[in-house]
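Paired with subunit B in one complex and with subunit C in the other, subunit A is shared by the two complexes that follow.
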Partner chain A sequence: MTKANIREQEAYSAFLEDFRPKRPTLRNIVVAFLTGGLICTAGQGVLSCILSRGMPEKQAYVLTSSIMVFAGAFLTGLGVYDKLGSFAGMGAALPITGFANSVVSPAMEYKHEGFVLGVGARMFQVAGPVIVYATLTATIVSIIKLYVF
Partner chain B sequence: MSIEEEYSGRRAGGDFVAYVKAFLVGGLLCAIAQAAMDLTKANPAIIMVSAVSAGAVLSGLGLYAPLVEIAGAGATIPLPGFGHTLVTGMLEDAAQWGPFGILTGGFKAVSAGLLSAVLFGYLMAVLFNPKG
Partner chain C sequence: MEFHRRGTSTCVFKEMPVVVSAAAVVGPREGKGPLGDLFDMVYSNTLFGESSWEKAESKMLRQAVDLALAKAKLDETQVDFLIAGDLLNQIISSAYMAREYDIPFLGIYGACATISEGMGLGSMLIAGRFARQVVVASSSHHDAAERQFRYPTEFGHQRPPTGQWTATAAGAVVLGAKGKGPRVEAVTIGRVQDLGVVEPNDMGSAMAPGFADTVWRHLQDMGRKPEDYDLVVSGDLGRVGSLIGRQLLRDKGIVIDEIHQDAGVMLYDPSPEVGSGGSGCGCVASVFSGKLWKELYNKQYERILVVATGALHSPTSCQQGESIPCVAHAVSIVSEE
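Now for the complex of A and B:
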């Protein structure tokens, strides 16, 4: 490639750069804050509803997570949660509803590959690594807590 | 005003504050994750893995339990809460049964979350088909 060609190409890339959408970081962070906050407020609503029926606090937290997982899985089935995900990024992905979404979404997508290698395997495409690293980190942290401090 | 009314009034007020705290803390955790993703341009899965591990580390440092105390569901619903629950469960069983508790306590504590994810996840994936 001649020098002129390279220069031309660089100019063209610079020209293209103007048309590429800028990553609107601030917008993303604000939307993630609002969406994540609202999902957690909904979770808090479920929690206080359960607590007001007299369930002990520990069980109430567990049941709340369970209900939120159900909600996330159901909304993914309806096709709502994936739209929320592309709108809100981590605001939708970080709450446990997003964890449920990461289970259902690929499983549904790859159903045509069968119920074992499609649904069964793809359920843990993202949830798998999350569980693996959570378990490893938690084990190391617990060992350090028990033997070092 | 009867004692019951006063009590329920205070509870309603207390509930409102709890909702605001859950909103702010839950929102903040998601905002931090989003900022980390935008700044490092990392894959969402990597951010989720980092968040859940960070939750376990913060739990070990004794910082996550106070956050749950303050924000309730605002701290337990985001993924770092999953790491915190694992560590708490391991340490609880370890306190009772010794080091062996690390093997038994973790998954016991997160059992409901994992089982729900498998059960409801499978059900929804089988019942529904992808849209568009």
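Now for the complex of A and C:
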């Protein structure tokens, strides 16, 4: 048999609807909210701790991000963060610890392919789109701000 | 010349090749699953003392072949063909395994259907008197496949309930022209089916039509009913795909619900990580080698049908949004009289 035509494909797709288990959306949202909240609370704790020791606010923000990135990377190295991600979804992916996970995990994975073509080339395999589109969005917003406001 | 064909797609063996021995080697998660005690060897971690997942997979496959040969009391010089395949690019695990043996090598790719494709070809080689003994093996490694088909292994992400878990497992069988053991009675080679499913996290839905078509053709060609089999094992439709496959067959008037099991479901305890069930070349290969072969050998079944199903997509085809072509091959095996 060759590839099914569009009508057959649509009929099959409709037929499949009854069989596909639904994603547990409510559970996923609640768990993501709580886990993401906990990670951010930990971040706030770090920030408060640094501020209470008298570091200027601007530097304290940078240091907090660095510490959280380190924590994400460290937990990735220990093989914990992928389990957290599997449990909490976006709740683990969205905070900066998740960004660290998305950079460190390919770096670990591709180290057997060398430091240039392996780690170097593949490190931003997952995080790359985030960086590209964040830069693009920031540029557009900056242009709007420059000319409109 | 007399041909050993029946119907549209089935090869029937007058002198049935014997499945002389079988061996399965699996990783830690599979070892902790419901079939854990049945496997010949269970590794305690997924690297098996190697430096990469790829080397680990090759080692596991070699181990399975060694064990199968040892069980059959054969050395490599007595084997005429080595047929093997795996999931990695250019079936590299099989190539590295094969370089360790002084046996003519045929590399094949059928994704999860590799083992039944290999057993089919091996049986034909023996029935055609081109070989006395053939070793057929296939493997998959969760971490190696994951990084090739999806994400780096340590990347945290949620799997949908339709997703399947690539098994870290290898299976090897020795087919022989004579000897003691279950016999390959007939092989139905499937046609590629593609009903437009594009989601690689839903391979069960993609593969079910291939499964249904091959089972239907096999029964047509052989002039049989599902009751003629003690067991129909698919590999690996998962929980979701099994329900779809059974329904597709029911629509053709064939009811297999009572006798159908799926290797991907048998291999693991249910969990959100495993999702719909196991998959990969090693999944049905290890379930057959670890469990079904032994049960056939002990005459717990008279006749079973192993229908391995393969999703033949590539990482590139998925990224380009193309649909998943699928194939299923059925091997009918009878226990020794």
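Methods note: the second predicted complex is superposed on the first by the 128 of 149 C-alpha atoms of A that agree within 3 Å, B and C clash if a C-alpha of one lies under 4 Å from a C-alpha of the other, contacts with A are read in each partner's own complex, and residues count from 1 in each chain.
Please note the rule applied: a contact is a pair of C-beta atoms (placed from the backbone, for glycine too) under 8 Å apart; a residue touches a chain by one contact, two chains touch by 3 or more.
Just so it is clear, the structure is predicted and the values come from calculations on it, not from any experiment.
Engineer: Taking the superposition as given, does A:109 touch the first partner, subunit B, the second, subunit C, both, or neither?
Structural biologist: Both: A:109 reaches subunit B and subunit C.
Engineer: Give one of first, second, both or neither to describe whether A:79 is in contact with subunit B, with subunit C, with both, or with none.
Structural biologist: After superposition on chain A, A:79 lies in contact with both partners, subunit B and subunit C.
Engineer: Report for A:46: first if it touches subunit B alone, second if subunit C alone, otherwise both or neither.
Structural biologist: first
Engineer: Now for A:89: first (subunit B), second (subunit C), both, or neither, which partner does it touch?
Structural biologist: A:89 contacts both subunit B and subunit C.
Engineer: With the two structures laid over each other on chain A, which partner does A:28 touch: subunit B (first), subunit C (second), both, or neither?
Structural biologist: Both subunit B and subunit C are touched by A:28.
Engineer: Looking at A:126, would you say it contacts subunit B, subunit C, both, or neither? Reply first, second, both or neither.
Structural biologist: Both subunit B and subunit C are touched by A:126.
Engineer: On subunit A, what residues does subunit B touch that subunit C touches as well?
Structural biologist: 23, 28, 76-77, 79, 82, 89, 93, 98, 102, 104, 108-109, 126.
Engineer: For the complex, give me every residue of subunit B touching subunit A.
Structural biologist: Residue positions touching the partner: 15, 18-19, 22-31, 33-35, 37-39, 44-45, 47-49, 51-53, 55-57, 59-60, 71-74, 76-79, 81-83, 86-87, 90-91, 94, 99, 102, 106-107, 112-114, 116-118, 120-132.
Engineer: What residues of subunit C sit close enough to touch subunit A in their complex?
Structural biologist: For subunit C paired with subunit A, touching residues are 51-52, 147, 151-162, 191-197, 202, 205, 209, 213, 240, 243-244, 247, 272-273, 276, 323, 325.
Engineer: What residues of subunit A sit close enough to touch subunit B in their complex?
Structural biologist: Residue list for subunit A touching subunit B: 23, 25, 28-41, 43-48, 61-66, 68-70, 73-74, 76-79, 82, 89-91, 93-100, 102-104, 107-109, 111, 115, 119, 123, 126-127, 129-131, 133-135, 137-139, 141-146.
Engineer: Over in the complex, which subunit A residues touch subunit C? Could you list them?
Structural biologist: Within the complex, subunit A touches subunit C at residues 1, 3-4, 6, 8-9, 12-13, 16, 19-24, 28, 76-77, 79, 81-86, 88-89, 92-93, 98, 101-102, 104-106, 108-110, 112, 125-126.
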